[in-house]
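One chain, subunit A, links the two complexes that follow: it is found with subunit B in the first and with subunit C in the second.
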Partner chain A sequence: MKKNALKRSENYHANNIYPNKYLYYYLTPAVVMLVALCAFPLLVLIYNSFTDMSMVKPVTNFVGLRNFRKLLTNPDFWNRFVTTMKYVVSAVVIEMVLGFTIALLFQIKLRAKKLLRLIIIIPMVAAPVAMCFLWTIMFNPKMGILNYLLSLINIPPQMWTSSPDTALFSVILVEIWMNTPFVFLLVSSGMTALPQELFEAAVMDGAGFWQMLRKMLLPLLSPVLSIAFLFRLQDSFKVFDIIYVLTGGGPGTATETMNISIYKTAFQYSRIGSASAQALLLYIFVFAMSYFIIKRGNIGFD
Partner chain B sequence: MKNQERTPIFAATLETGPKKYLIYLLIAIIVVFFAFPVFWLLETAFKAEKDFLSIPPKIFFSPTVQNFKEVLAKRDFGNAYKNSLIVCSVAIVLSTVIGVPAAYALSRFRFRGRKFLSFYILSTRFFPPVVVVIPFFQIFSRLRMTNTLTAMILIYLVAILPLVIWVMVGFFADIPFELEESACIDGASPIKIFTKIALPLVKPGIVAVVILGLIGAWNELLYATILTGTDTRTLPVAIYSFVSYEEIAWGNLCAASVLAIAPVVIFTIFLQKYLVSGLTFGAVKG
Partner chain C sequence: MKRFLSVVLTLAMMLSLVVFAGSAAFAEEYDLSAYTSANIDWRKFEGTEIKVMFSEHWASEALIERIPEFEALTGITVKYESIPETDYRNKLLIEFNAGSNPPDVLMENYGFVKTDVRNGWAADLYPYINNPELTDPEFYDFEDFMVDAINYCEIGEALPGVPLNADRVIVMYRKDLFEEKGIAVPTTFDELYEAAVALNDPENNMSGFVSRMKRSNGSAHVWGTYLYSFGGEGIVENADGTVSCYYDTPEAIAAADYYAKILRDAGPQGAVNYGWLESLSEFQAGNAAIYVDNSSVMGQVEDPEVSSVVGKVGYAPMVSDGVHPSKVHINHWMLGLCEMGANKDAGWYFIQWATSKPVAHQIQYDNGNGARTSGWLDEAFIEKYGQDYVDASMGAPGTGERYIVPQVDEMLESMDSIDIGLHRIYSGEDAAEVMKTVQREHEEFLNIG
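== the complex of A and B ==
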């Protein structure tokens, strides 16, 4: 299930049977594309971040570290950082717990299990822009179905995405709805691959459900769980469309994460330099975090 | 995913005794939570305007296909659908053609910088798209390529490429190298060995990356928002613009959404078992 693809191929001696030129034939197109459209854009971004480049200003000046200094001393920047962290932490924690729980519950005998599983994973594959508009319709305070359903159980109507108090919660709700299926799918597949003999032995020894869960299930699944965690963490830092469509970062700045702010700074206020500096900081942060998790977490990437 | 006959031992206790009914109830709540919005989407798509604006919302109504007719009559929508089909299919074909041989090289050859290269390829997944969209915009503006399908194809091509390479490296590593060695001794050319022996064995991997690549490109909004114009907009941008211009055309919006998500949902129904390895860059095999 988990494996270390590159390390295993260490024993092969393909170099002995293939002339070296084939290595270049096979590899060059991909490397050219990656350099042209991954490495080069990053260099452009780094260059931008040291300038005051703007789409409305013809001259671009080199400003050194000014963009970074301004950002790091700007309380708004830190507010956005906090909003981003709130979003990421609550989304990832809830998605991991919920996804694991659903996967566990789905291990029991169920009629139409395949159909139910499909129903659960649809939110993950359907276009986020369409799904977010759907939620906008449901969130509508006057005519939306959610407030109607709440009224049936005597809960007063909510403002959902229209109020700064509930906007972040609403956005996270949609994020959870859309991405819990990813964790569910991974953990399910991990559970299917577990060796049953171990658990048989544990039952013989009188282990109860909670004991098995804590002492066996979680440790055995930890490779899958780490990967689910890493990917959810990265992807929730990357989230753009959910917030952009649902609230556009508002009301006010209630849901303005770093992603939304970078987008706005660059394409609404035309301040490419400042946006690039912010983007670079975000990238370094996500990169360092991922690197740390991969190195520490014994994840199948090496 | 294997089809399970027997409940695994660790879950067996969940279906014994009266607490079984509590578990059923929980599962029902979970399924409703995930299914309800999609159910509501279908409802609204088939409702006439007077029905979806009524308070309280109507659960039962006489369905109409009027919304679908209106959406399909819009030239913009058909055009966006066509653009999405072109961009996604060309991007996925090209990235497979470029990525699969690269994965083969990475798994079969040993060369200096291989570790660095594979980590670099993995690390492109760490980019938040919003980080690269700024330089993409600058580069493609400079090349006078904004508002072209070619730019979108190139962007999706590189966006999918790391996925293709990583998943396929895993699949190639799983097939024994002896097959290729003996073919070599029998005198087959390197190209033949790759296409006739290695490639057929990794078909499931190719299916996985094609589905995942398609889903990703088909749903992508940010790059498309920045880099397409009226004629070249893809489906997500078209759906986005529905709302900005027509305020409360909920029925139309939902009908358009149903049409937009239909292809990926159909794909998912048939190819569910390939999703896991694709979703995890090959780190977890489904």
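== the complex of A and C ==
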């Protein structure tokens, strides 16, 4: 980032718009905010992860790598990691495909397009916790609407969030319902920005639908798709509200993701040290994945 | 001009609202004679502001309703926060650790007081109770509190809080359904199971049995009643100050297996997502025949506005296995003072008022539970709730004694571990294997062995 800014400012300097010597003054407020709000808490987190800090014990000791060693040798930690990966991969893949497909369908001339679009983005704009409460009622095996609908087509009632076999599936369902509109919105605005003539020319040249999709639409949209993918990936790793409201991590530990576990360790078990270590591991993992996507995905900054 | 007019009109309307609202507040007069007869200078701390932290509970709700009365009596301003039970402890710990603006009065719970006394967060109340300048012994009548409750709340020589309630795990059952099927009130675990299965009728939306199993909902404490009544033990403090735990004993395995089995065979579908609120709603709606939980829900079971089973409910003491005596969980929420609070004397006035006979009796009459012996002997109270309820919850002979909840820093972690174990057994895993895991987890975070 900084390198870019410098390079650009040299250009500006050449055009005599901004004198170079003021550059750092202009950057100061942004840098101060960034340090205060991101870098400082991160440093505190890193420090805490090497201690046995607890909210119920007055003395905090430095314990070196003990928190990490304990976590990495704990099968529960790896179970949570697998649960998180299951959640993230299935949710993000389905959201991307579904969002893209709906955006593509919206390219067809329709009458009630505006109204439809409004309806589609409702899950995204509504308050997540309130929506999740609605879902808890719908998931209720006894009086929920979902089992009623299933009974109409002769499918036996399901346990949804109440059984360890279906709980993860149920929360992923809500995640997809809630976040597909985001992908849809991003992709469809990307589509409208594409030059119409290109596709007209392709049709003239006799290109088929699949050819256009693979050779033109996807490559042209790849920056938008990468951004959407990046956002969804990061967000679903950090998912909290949906799981907390729907299952609280249960039944048993069926839906206990890493983020839920961090919350429980810090605020229920009061173990700040161990929670910081978990948070740091999650942070490093998400950061590495994001870095990879930014590097590989054609996102637009060099 | 139009705009000016509309602004003036809006202002006038708002002003009138404020004036009327204000006059309405002033118009309410309180009958303070019950307090003013006491030998206490209630106006001593007039003008002080105290900060109170409540955990959401029927007892705190009832107190919050009466705060204006306290303010009228003393001239002390009360600023309060009421936080859901699941987040309360967390918020309290942040307040203790940050230390910038600590509360004066707070709600304490038995499982936490030892930690709070050790860390110097909870103040000892005996100096306040025994100070004649702050407390009128005749008016307050401290001896009236259940001896058992006070002994239980004490940490060493210190009393970190005055109990507000005595919620005891009892059996609530539908008298009409029991009569219809000719089933006797259960006294053993086997009878309880048989009755629950006999009354279970999912086709007609009737569960035989409801109780808590949800995570982070105190389910482990309710299950503790089964654990101890099966003759088992949980976390036990040894004489030398260390702790031991016994979650993989045959008794503990039997208790966990029983609890999962009765909920699987006679409970509502998806019992793992039933906390006390869900269980209570099912029972209130008339969709459950037997409900085992803390007697704190009593007021809501017998409230005709929210319950359709008023008058149809019988109350029985917790069952046992026929060999061991039943040992039940009795929960006390307490009002305590924060050691760091700036206005502890004024805070004590609040506690004294809130746990005094006039307030406590009224709250107990409305909600069906309290920690003062005189409240349970009150004739109007007995008439409202019935002698069987009073017997079941007062610890009359044969109703079982309490089991001691572990006072360890890791209590919430322990409860979560048990909840997860119960869920896994409920889902069909082998109880013995699961309880081994629970034991291993406990040994790990309690640093045993």
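The rule we apply is simple: the second predicted complex is superposed on the first by the 269 of 302 C-alpha atoms of A that agree within 3 Å, B and C clash if a C-alpha of one lies under 4 Å from a C-alpha of the other, contacts with A are read in each partner's own complex, and residues count from 1 in each chain.
By definition in this document, a residue touches a chain if its C-beta (ideal position, glycine included) is under 8 Å from a C-beta of that chain, and two chains touch if they have at least 3 such contacts.
Quick caveat, the model's predicted, so the values are computed rather than measured.
Engineer: Check the residue A:Ser163 against both partner chains and state whether it touches subunit B (first), subunit C (second), both, or neither.
Structural biologist: second
Engineer: Which partner does A:Leu134 contact after superposing on A: first (subunit B), second (subunit C), both, neither?
Structural biologist: The first partner, subunit B, only.
Engineer: Where does A:Phe237 make contact in the superposed view: on subunit B (first), on subunit C (second), on both, or on neither?
Structural biologist: first
Engineer: Of the two partner chains, subunit B (first) and subunit C (second), which one does A:Lys142 touch, if any: first, second, both, or neither?
Structural biologist: After superposing on A, A:Lys142 lies in contact with both subunit B and subunit C.
Engineer: Check whether A:Lys57 is in contact with subunit B, with subunit C, with both or with neither, and answer first, second, both or neither.
Structural biologist: A:Lys57 contacts subunit C only, not subunit B.
Engineer: Per the overlay, which chain contacts more subunit A residues, subunit B or subunit C?
Structural biologist: Here the partner covering more residues of subunit A is B.
Engineer: Please indicate which partner A:Lys295 is in contact with in the superposed arrangement: first for subunit B, second for subunit C, both, or neither.
Structural biologist: neither
Engineer: In the superposed arrangement, does A:Tyr269 touch subunit B (first), subunit C (second), both or neither?
Structural biologist: The answer is second: A:Tyr269 touches subunit C but not subunit B.
Engineer: Name the contact category of A:Pro251: first (subunit B only), second (subunit C only), both, or neither.
Structural biologist: In the superposition, A:Pro251 touches subunit C alone.
Engineer: Residue overlap on subunit A between the subunit B contact set and the subunit C contact set?
Structural biologist: Shared contact residues on subunit A (touching subunit B in one complex, subunit C in the other): 136, 142, 267.
Engineer: Write out the stretch or stretches of subunit A touching subunit C in their complex.
Structural biologist: Going through subunit A, the ones touching subunit C are 54-58, 136, 140-142, 157, 159-164, 247-253, 264, 267-270.
Engineer: Spell out the part of subunit A that touches subunit B in their complex, as residue ranges.
Structural biologist: It is residues 1-3, 5-6, 8-10, 12-15, 17-19, 22-23, 25-27, 29-31, 33-34, 37-38, 40-42, 44-45, 48, 102, 104-110, 116-123, 125-131, 133-138, 142-143, 145, 148, 151, 177, 180-182, 185-186, 188-192, 194, 196, 199-200, 202-203, 208-209, 212-213, 216-217, 223-224, 227, 231, 234, 237-238, 240-241, 244-245, 259, 262-263, 266-267, 272, 275-276, 279-280, 282-283, 286-287, 290-291, 299-302 of subunit A that touch subunit B.
Engineer: Which part of subunit B faces subunit A closely enough to touch in the complex?
Structural biologist: Within the complex, subunit B contacts subunit A at residues 1-2, 4, 7-11, 13-15, 20, 23, 26-27, 30-31, 33-35, 37-38, 40-41, 44, 53, 55-57, 98-99, 101-102, 104-111, 114-115, 117-139, 154-155, 157-158, 161-162, 165, 169-170, 172-174, 177, 180-181, 184, 190-191, 194, 215, 218-219, 221-222, 226, 235-236, 239-240, 242-243, 250, 253-254, 256-257, 260-261, 264-265, 267-269, 272, 275-276, 279-286.
Engineer: So in the complex, which bits of subunit C are touching subunit A?
Structural biologist: 87, 90, 93-94, 96-97, 115, 119, 205, 214-216, 268-273, 409-410, 412-413, 416, 419-420, 423-424, 426-427, 445
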